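Reviewing the structure listed below.
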Amino acid sequence: MTAPLLLSGSANPSLGNAIARALGVAIGACLVDRFPDGEIQIELRSEVRGRDVYLLQPTRPPAGEYLLEMVLLADAARRSGARRVTAVMPYFGYARQDRRVLGREPLGARAVADLIAAAGIDRVVALDLHSATVEGCFRLPLEHVSAVKPLAQRVRELEKPSVVVSPDLGAVKLAERYARELDLPVAVVHKQRLSGSEVSARAVVGAVKGATPLVVDDMISTAGTMSAAVEALLEAGCMPEVTLCASHGLFVGPAMQRLSALPLRRVVTTDSVPAPQASGLPLEVVSVAPVLAEAISRLSQA
Amino acid sequence: MTAPLLLSGSANPSLGNAIARALGVAIGACLVDRFPDGEIQIELRSEVRGRDVYLLQPTRPPAGEYLLEMVLLADAARRSGARRVTAVMPYFGYARQDRRVLGREPLGARAVADLIAAAGIDRVVALDLHSATVEGCFRLPLEHVSAVKPLAQRVRELEKPSVVVSPDLGAVKLAERYARELDLPVAVVHKQRLSGSEVSARAVVGAVKGATPLVVDDMISTAGTMSAAVEALLEAGCMPEVTLCASHGLFVGPAMQRLSALPLRRVVTTDSVPAPQASGLPLEVVSVAPVLAEAISRLSQA
Amino acid sequence: MTAPLLLSGSANPSLGNAIARALGVAIGACLVDRFPDGEIQIELRSEVRGRDVYLLQPTRPPAGEYLLEMVLLADAARRSGARRVTAVMPYFGYARQDRRVLGREPLGARAVADLIAAAGIDRVVALDLHSATVEGCFRLPLEHVSAVKPLAQRVRELEKPSVVVSPDLGAVKLAERYARELDLPVAVVHKQRLSGSEVSARAVVGAVKGATPLVVDDMISTAGTMSAAVEALLEAGCMPEVTLCASHGLFVGPAMQRLSALPLRRVVTTDSVPAPQASGLPLEVVSVAPVLAEAISRLSQA
Amino acid sequence: MTAPLLLSGSANPSLGNAIARALGVAIGACLVDRFPDGEIQIELRSEVRGRDVYLLQPTRPPAGEYLLEMVLLADAARRSGARRVTAVMPYFGYARQDRRVLGREPLGARAVADLIAAAGIDRVVALDLHSATVEGCFRLPLEHVSAVKPLAQRVRELEKPSVVVSPDLGAVKLAERYARELDLPVAVVHKQRLSGSEVSARAVVGAVKGATPLVVDDMISTAGTMSAAVEALLEAGCMPEVTLCASHGLFVGPAMQRLSALPLRRVVTTDSVPAPQASGLPLEVVSVAPVLAEAISRLSQA
Amino acid sequence: MTAPLLLSGSANPSLGNAIARALGVAIGACLVDRFPDGEIQIELRSEVRGRDVYLLQPTRPPAGEYLLEMVLLADAARRSGARRVTAVMPYFGYARQDRRVLGREPLGARAVADLIAAAGIDRVVALDLHSATVEGCFRLPLEHVSAVKPLAQRVRELEKPSVVVSPDLGAVKLAERYARELDLPVAVVHKQRLSGSEVSARAVVGAVKGATPLVVDDMISTAGTMSAAVEALLEAGCMPEVTLCASHGLFVGPAMQRLSALPLRRVVTTDSVPAPQASGLPLEVVSVAPVLAEAISRLSQA
Amino acid sequence: MTAPLLLSGSANPSLGNAIARALGVAIGACLVDRFPDGEIQIELRSEVRGRDVYLLQPTRPPAGEYLLEMVLLADAARRSGARRVTAVMPYFGYARQDRRVLGREPLGARAVADLIAAAGIDRVVALDLHSATVEGCFRLPLEHVSAVKPLAQRVRELEKPSVVVSPDLGAVKLAERYARELDLPVAVVHKQRLSGSEVSARAVVGAVKGATPLVVDDMISTAGTMSAAVEALLEAGCMPEVTLCASHGLFVGPAMQRLSALPLRRVVTTDSVPAPQASGLPLEVVSVAPVLAEAISRLSQA
């Protein structure tokens, strides 16, 4: 069985290089460019016939373009005789469109999963999906890996939080995983409904007074949830030294502005998507390359 | 366009009759029996050619048998020229197997959804699914209806609860829907993790002291969650007059024993699965026939 | 290439163990249980990544449950990285629903075959299918093995029949296979139509007077066909010492009562489904483990 | 709903015209020709958009060419907007390849069924299939009609047979259907196995001495089975005035020679495939146009 | 049958409005926006149940985003009960990736066609595809319409060309269609290979000396082909008053600069993609709304 | 990994033998015959379980029969456990039906590609397809090889042409490939449209006066295009010594008559289809066995 062939789309080439180094292989040669009219141009330059191919592509915004790039890479690999094509998607765009609430919406996560299958991709590696139920959108096998352990490890090295805080009800299970790693209690911030007509307010459940919180979530997008949670924690009397931790650091829209207004000691995240440059934030980036390289290594040996 | 043809499997024939009455149609004639060796015997006796067929079958335990019965009904209908086959599944078995946690498990909800599609069923009507994300398991259109309004309406007619309680974090959104209907505040019982090594305890978030609680969930199965939640509420000082409300009343295993030990005023549920006979519980059963008839009527006119 | 991984559902675990012994492998570890609500719980405990997996599950009644169990086992194996999943189904339920006669019936054998394919099963091993045409229901490769040789061998060791009898027209080809193995003539019992309006009667074609018959069929279900054939043979003057032989011994409904009324020397069958306990019948059970182990061995080496 | 659009391939255009007349419609205009290199040229000249299209094509030899012609007709119809495409196949080639016997053979009937589905055909009408189990090869709905009633009716008008004879075990059920129509007894010719090593001989079961036989089968191909059966009947003392009846009259290879050597009163068959010209046989051809027109009419109204 | 429901993605909303006006219907209400993280947000606000839905979306660059938007619109429509979903794609991105030349490339046109099918789209309307062979990438019906007639009509109204010129060999058939409409001769510019080692040169075939050329192509992208052709024509002695005509006016990259250097009387194109604003070109835009409205009208009545 | 197993259908068995020799393997044993009724009879006699199977079958006329033969061979191989089935189709029938021009035609190339996929074929090897865009009809990987190099090589050995001529616009790219191999200039014959109403005439572009032309095309079918091109070349003053070269020599209908009227020095073609016997033409046949053997060797090692 030949070594795995790792190819990287343009969504995070430096992570691709890091994974290749961790695997001890050269990254596959391929042209990923644009034609003059803006259409994606792909040409694989490594031999792929009979190879076990891994395509690294986090589908961060603009997810349509990165998704199509991945689809075209997979098409080229499959038509050129790849034995198997695995999409390595450390960030899975549209994971949050995993249910229909209002009625006439799309079910975005399933639609994207169907596109991936239509592209002839055989298998997906995902990292800290927004929800584990997203796997139900896939018929093909999905390998779900996590950055929680290395993130918790880095937090332990750098900080001394005394409570892990889930910023809303959706992250409670994630917070419990951090808590187990760090041997800490959990607190939860949640929007409480006061009555049928009254507006809701954010309440903190758990002992946070005087504590140094580590607020965790799967991603920091606009930082709205994080920001509101930190404010609720401060009102509840926590120490004005907060650490944020999330697997995916998108930092879009008003994120930087919101975060810069908070008393943050550190923001710990990964390179699942490229980290922002010169953000002014006390940003600590843990690489997911070891976790992904380990997964690729495990998958390619079978 | 001809009237819809409603056929009922053997999982809940009396609900089938109730829906037919609500639609103002005769229920379709079909033999649903067993051969001497125990294999399911199906023979449709109504003409189905060109008809818009609705198969009522909640896949309650033994879900494999009821599912196969539905598959065979659908096969008979499709091969006999039905224009479209819609599975009406007020209870959807295996909905709780909607993610893989331990690793080498099946993703049961997706496996069942794939069997339904393989059977040539065109569309599904579900009622108060365990989680809205189950829709992601389906490629075919799923019409998701709810018994929350009629259940809340019946509670309002019969009881005077002063707080809606979610018995765990998973039912908070459902509790908020009841709260809106009844113009009440929400409280949440949740298992709190005290530290990395300490065992967790159930805490109540929200004002429940002296209140008369309405504890709501999507289903009552073994009643373990409900029972623990009521005990936590009592410890937190609620009135010893509790009403339970759930869309699906399975009451399996130790359910009756657990519930009979609680100070219950009333247990309100629906006929999505056949209600237990002579249970000794103060059971109030709201029929989902109007909700399902309305959905069938709406779907069949388009 | 690694050794095959044999997993057994709950339909016939002792056969699973026998096959594993014959293959010289340990049977794969997996939990096949029920949740409190009766839903099937599966957890594979052996590593399956990259393995060639064989799932033993005869889909005897209740076939829906055993089928769903097999589907969930296959889903778990496939999602956990099995290289290939082969269903080993020594008894294939619903094989007799292989045509539509009355019109608005299902085509059960095809419906079941489609469910098996939808589950991501790659290949099926079947044993003495009710009819070889059932293979047409499958797009995936079906390996059809037979217990006729070991059954005939055991009969030869134990008995001295002088004629092989097919109890109806459907089993004539099977009877001829036994006759070749045992070097005996064939007789046929068949329902003869006397005229357009007269009822039919069972006639015996072939010399049976004074003979010691071996009546063979693919299965003994309610034993109705066998019982009527033996009575016709006795009327035709055969010796009152009859041996019955069938690949599948279901013995359902009135089977035991019917058989105990006949002058049987022996009933020879296999463990394709678990043999009845303490039946009072002179039952001789030949194991199909060697035949199935041989098939698995052959399939797994390619 | 518009009238059905009937198109005919080149396998039996006169039957196409007869069906059109029976339906009271003009047959659809289409070019079915050959390019100079022998490839099939299709051009539909009637408007098909939104129409319910019926393609008449018995896949008689050369079945590959007639099948491909039907596939191309279906492709043209589907791409041009046909609402639904039904293949009307009064003769279904490769139906006898419905099981695998020797091992490394194809399962021809299933392979053909899969090609039909791949062509985008929605539904099939078949007539007196070699075996009803062929329906299991199809996932799409198959409407199985029969020429037995009109054939029996014509026999009744022309002849006075006194026994219906099945020429082998495979046609017994068919013989019983004729017997019911004609109120006659049934006899069976079958190859009897004398012992394990002796060769078999053809025996007649049932009273045929002095009788006037009507020998029935689904098709007359090389007439080998028919010829051997008639010889066995004559040896058994039947009257030397035999009528043969079969739904499909292929008359290939040595058929004419074999049949001309027999004391035949009449050979009754249908125009499911074009009848042979100037055969010298006392051939009576019953048209299946009424049966097929009735089926199309029934299917197109739903 | 209800009126067609026309929905427009964000790729060309003003064309959507123009088609709606031409059809005499209100355009369907739907939200097509972006979430703060850049992911596409879709919500249909018109009732779609049972409707025949047409999604207008030319997949111009960034084609990945517009394609995904169309996919999500289709998913929402299908899951909400649309009877049929037709993608109206007056510009079909990636049509030029219709073959693999260098080896390890993708077959982009087929990959995109497969994504469209995976999205549950039933039918496509395309306009002046780069090549008619792109239809082979689609299994679903493709309605191919053309702007050649209205473009030629507008040219006739505005200009007096005396020869139609194809700027390369690929556009010769298109040029002939214009020539037939305008009753003009055709000339061809093509790259001529002088020998095995010499570089090629552009030659003009046909009489262009002193003529007023109308140079036609399916699209103007970077204007490289057009620019080289005009230069060749000028060298060959044509009048320095050239009209360009193309169905799709992308005008990307150096297009404006190249075109502004040419002696152009007019550039005639359509609104298949939004026309450039304030281009400085003598641009004449013919709307394809009538052609598309006519196609939708024709398709929706069947 | 075992050696590839090469099986040959009946369309070109001598090429099959030549490829086997080139690969250094024995050709696989299989029966490819006809039943008495004309239906194809297939029985594989080599073991195929786990083998990498290559089916040689150019689908020359009658393409329907040869295609079905290939489908049945593939079905037998797949059901008998072949690891992978590759169709080696040096001539691909229906490649010219690669677009719909008149409207209600089939898209024959796509229809055939869909049949091939439905047969369970995993991969296709094609040789000098009529157009590279035919690959878009296939979802499965297509390996496109060429006989241009060996054909040019043989021409170089035998003749001294001084110009490569494309007989119409469709073969220009092919002519350029020959020109590169032979280091010659290119000329093009094309039908020129003189005006909107005038009929077209064939013109020659490029210097051919006094030249010795090599006219190349992908195939010679009825030889109409070749014949007209040679006449145009002669009128343009080329030497009356013309060489024709094409990958596929079908020579159907009036081909021989047309070619015998031309001043041909030689007609160079391949054995992609069996060469005509005793044609009277100065025919030189280059075997494609080396090219195909090389492709099989390359594909089977991966």
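So that you can tell them apart, the chains are marked A, B, C, D, E and F in the order they are listed, and the count of residues begins at 1 in each.
Convention: a contact is a pair of C-beta atoms (placed from the backbone, for glycine too) under 8 Å apart; a residue touches a chain by one contact, two chains touch by 3 or more.
Computed from a prediction, not measured in an experiment: that's the story for all the values here.
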item: Interchain contact steps from chain C to chain F (minimum; 1 if touching); value: 1
item: Chains touching both chain C and chain E; value: A, B, D, F
item: Rotational angle, Cα trace of chain A fitted to chain C, multiple of 5°; value: 120
item: Interface numbering overlap (same over half, different under half) for chain D and chain E; value: different
item: Pair sharing more residue contacts (C-beta pairs) when B-D is set against E-F; value: E-F
item: Centre-to-centre distance between chain F and chain B (centres being mean Cα positions), rounded to whole Å; value: 62
item: Chain centre separation in whole Å, for chain D relative to chain A (CA means); value: 62
item: Length of the line joining the C-alpha centres of chain C and chain D, rounded to whole Å; value: 34
item: Chain A and chain E: spacing of chain centres that average the CA atoms, whole Å; value: 38
item: Shared interface positions of chain D, touching two or more other chains; value: 79-80, 100, 107, 110, 114, 139
item: Touch relationships between chains, expressed as pairs; value: A-B, A-C, A-E, A-F, B-C, B-D, B-E, C-D, C-F, D-E, D-F, E-F
item: Touching residues on chain D, where the partner in the complex is chain F; value: 36-40, 42-45, 48, 61-69, 71-73, 75-77, 79-80, 93-94, 96-97, 100, 102-108, 110-111, 114-115, 117-119, 221-222, 250, 252-254
item: Chain A-touching residues of chain B, taken from the complex the two chains share; value: 98-101, 107, 109-110, 113-114, 131-139, 144, 169, 172, 176, 179-186, 188, 190, 192-198, 203, 205-206
item: Complex contacts: residues of chain C adjacent to chain F; value: 139, 141-142, 298-299, 301-302
item: Chain D residues touching chain E - in the complex, by the definition given at the top; value: 49-51, 78-81, 83, 120
